[in-house]
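Both of the next two complexes hold chain A, though its partner changes from chain B to chain C.
Moving on to the complex of A and B:
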């Protein structure tokens, strides 16, 4: 499903060349392609940065779940600057702190810990998506 | 925050507070008699990024100057923090257990790591840098890092 038809858009960190950015993108792919393909759509952060009209329209029309790899929280900030609403922001580092055994390493290719951390992040996103769709929006944080 | 020196390198702003001494490795030492509060500088915490976990030597641990007093795991690296003084750890920042991000948020205040009882402080301090000297050293280190970007 393309973002403009989705009920919830997922916006991951663009952190190219950063381990936590890769984890955030892998988690976003897992949610939008495997776990909730019918009710979520992926919006590339880079398109929001460039002011892409379709990307802006998608975040303005649907609640967004953002995934950020560092405290700069670029995904959450760009959704807000694009006129969108962050239903909930998820920080990969917070998920890692709750799952210390899943230490992520690697960039182009994540280690096992990184892959499992991405799964854990994806599960948290899915829970948020389900809450949003059920009208039980969680607190916004990044 | 106490008075500080500040410089901008590339898009990053680094601060050095002027009420304490520094090791060349970027660890500060704030004396209250022979009890020395220890922490990471603003430059060192920015260089290494968001802190995930902080493991600090427990109270009662004896360290020599240069010995590891904490290991900080960040999103970029594992950082071994060398003690700027010798002595015995007498207090550990409880925030390091549950909210080590205090190192990023307030490196010169709430993000302190340990307090060390340092009987040889008058001697140890001779090996440390005053704020202006560390500021100049740090600027050079920051400029070298910026060239890598």
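Moving on to the complex of A and C:
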């Protein structure tokens, strides 16, 4: 079954041990609540870990943008293992490398740099979402 | 004894992004890790039980673990049990709020006043459980408590103890032709070699006894495990000598 490209699901890693995980989470909320609320949906990674049927169905039915805070790329791996299609994998570290002035700090609460970095990540996701909805698609992050 | 991760309690939060209670688990876990019991707790990202390696999957056997869930789906508790080891304790935020007669939190992105109250109540419950668990004697071999013992002094520094990607060192060896993953074996070899213990029958027996502390060696397989350990330790020593 080919994914329904009228909607994109966003799957952040929400890593709990590093600030980049919090950036991934904040960026996902920014996209799904503020920037593209009608055309995106949030899928909780913990549900995919457990093999929740609804969560698996969501990533199988729609292209996914994953956001990972470290090189282990849990979000991208779990979407793929759940039978989903990663339209684009975003690595927060890569975005940070392109925006060195936005140094994130804090896990429970992000500093200003972290919030701005999340905003930069959200902007990249939004561009991908728009491309997918327009019928184009970026490369899959490994 | 090999230098292994200190006596700590593991906390695995569901961090569910879709529900306010999921955010409560994340913030409560971080409050315990950063403020309430910083030297006595460690955490790991839940998906690493699948996306990580053997060392990550050994987490709940090495640390008595508290699973912290936002809802009745209990993703953290069930996934921890399924992929790592049975949690020593489990907290479900919705149950805890009902127990305390508190309102359900609103806002997954930013907790409202009810959410902040839920974080405090949940973190306090988890901290109490940490204290209880540190008072028990945890067997890393079986991944369960073996008896009640006086509380030990915790070590550590006041920062979030993240085990992501580091995990427990594990080495896979062939025992009677079967691949077996042995937790802590690299550290055991390192310690034995550092102590100047040359491969031999006596050292192999000692290795086996040490391996049994951290791993389940089925009854009647000592000889096969000893043969595997003798072979692997000789190889380890050979490689170490060639490097020096």
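The working rule: the second predicted complex is superposed on the first by the 134 of 142 C-alpha atoms of A that agree within 3 Å, B and C clash if a C-alpha of one lies under 4 Å from a C-alpha of the other, contacts with A are read in each partner's own complex, and residues count from 1 in each chain.
Please note the rule applied: a contact is a pair of C-beta atoms (placed from the backbone, for glycine too) under 8 Å apart; a residue touches a chain by one contact, two chains touch by 3 or more.
The shown structure was predicted, so the numbers you read here are calculated from the model rather than taken from an experiment.
Engineer: Once chain A of both complexes is superposed, is A:46 in touch with chain B (first), chain C (second), both, or neither?
Structural biologist: second
Engineer: State whether A:97 touches chain B only (first), chain C only (second), both chains, or neither.
Structural biologist: So A:97 only meets chain B here.
Engineer: Once chain A of both complexes is superposed, is A:127 in touch with chain B (first), chain C (second), both, or neither?
Structural biologist: Neither: A:127 stays clear of chain B and chain C.
Engineer: Hey, is it chain B or chain C that touches more of chain A?
Structural biologist: The partner with more contacted residues on chain A is C.
Engineer: In the overlaid three-chain picture, which partner chain does A:13 touch, first (chain B) or second (chain C), both, or neither?
Structural biologist: Only chain C is touched by A:13; chain B is not.
Engineer: On the A-aligned overlay, A:70 touches which partner chain: chain B = first, chain C = second, or both, or neither?
Structural biologist: In the superposition, A:70 contacts both chain B and chain C.
Engineer: What residues on chain A does chain C touch that chain B touches too?
Structural biologist: In chain A, residues 18, 70 are touched by chain B and also by chain C.
Engineer: Which residues, counting only chain A, touch chain B once they are in their complex?
Structural biologist: 18-20, 69-71, 93, 96-97, 100
Engineer: Taking the touch rule as given, give the residues of chain B at its contact with chain A in the complex, in rising order.
Structural biologist: The contact residues of chain B facing chain A are 49-50, 52-53, 75, 101, 104.
Engineer: For chain A, which residues count as touching chain C in their complex?
Structural biologist: So the residues of chain A in touch with chain C come to 12-18, 21, 25-26, 28-29, 33, 42-50, 52, 70, 72-75, 77-78, 81, 107-108.
Engineer: Report the residues of chain C in contact with chain A in the complex, numbered from low to high.
Structural biologist: Its residues touching chain A are 13-19, 22, 26-27, 29-31, 34, 43-52, 73, 75-76, 78-79, 82, 108-109, 160-165.
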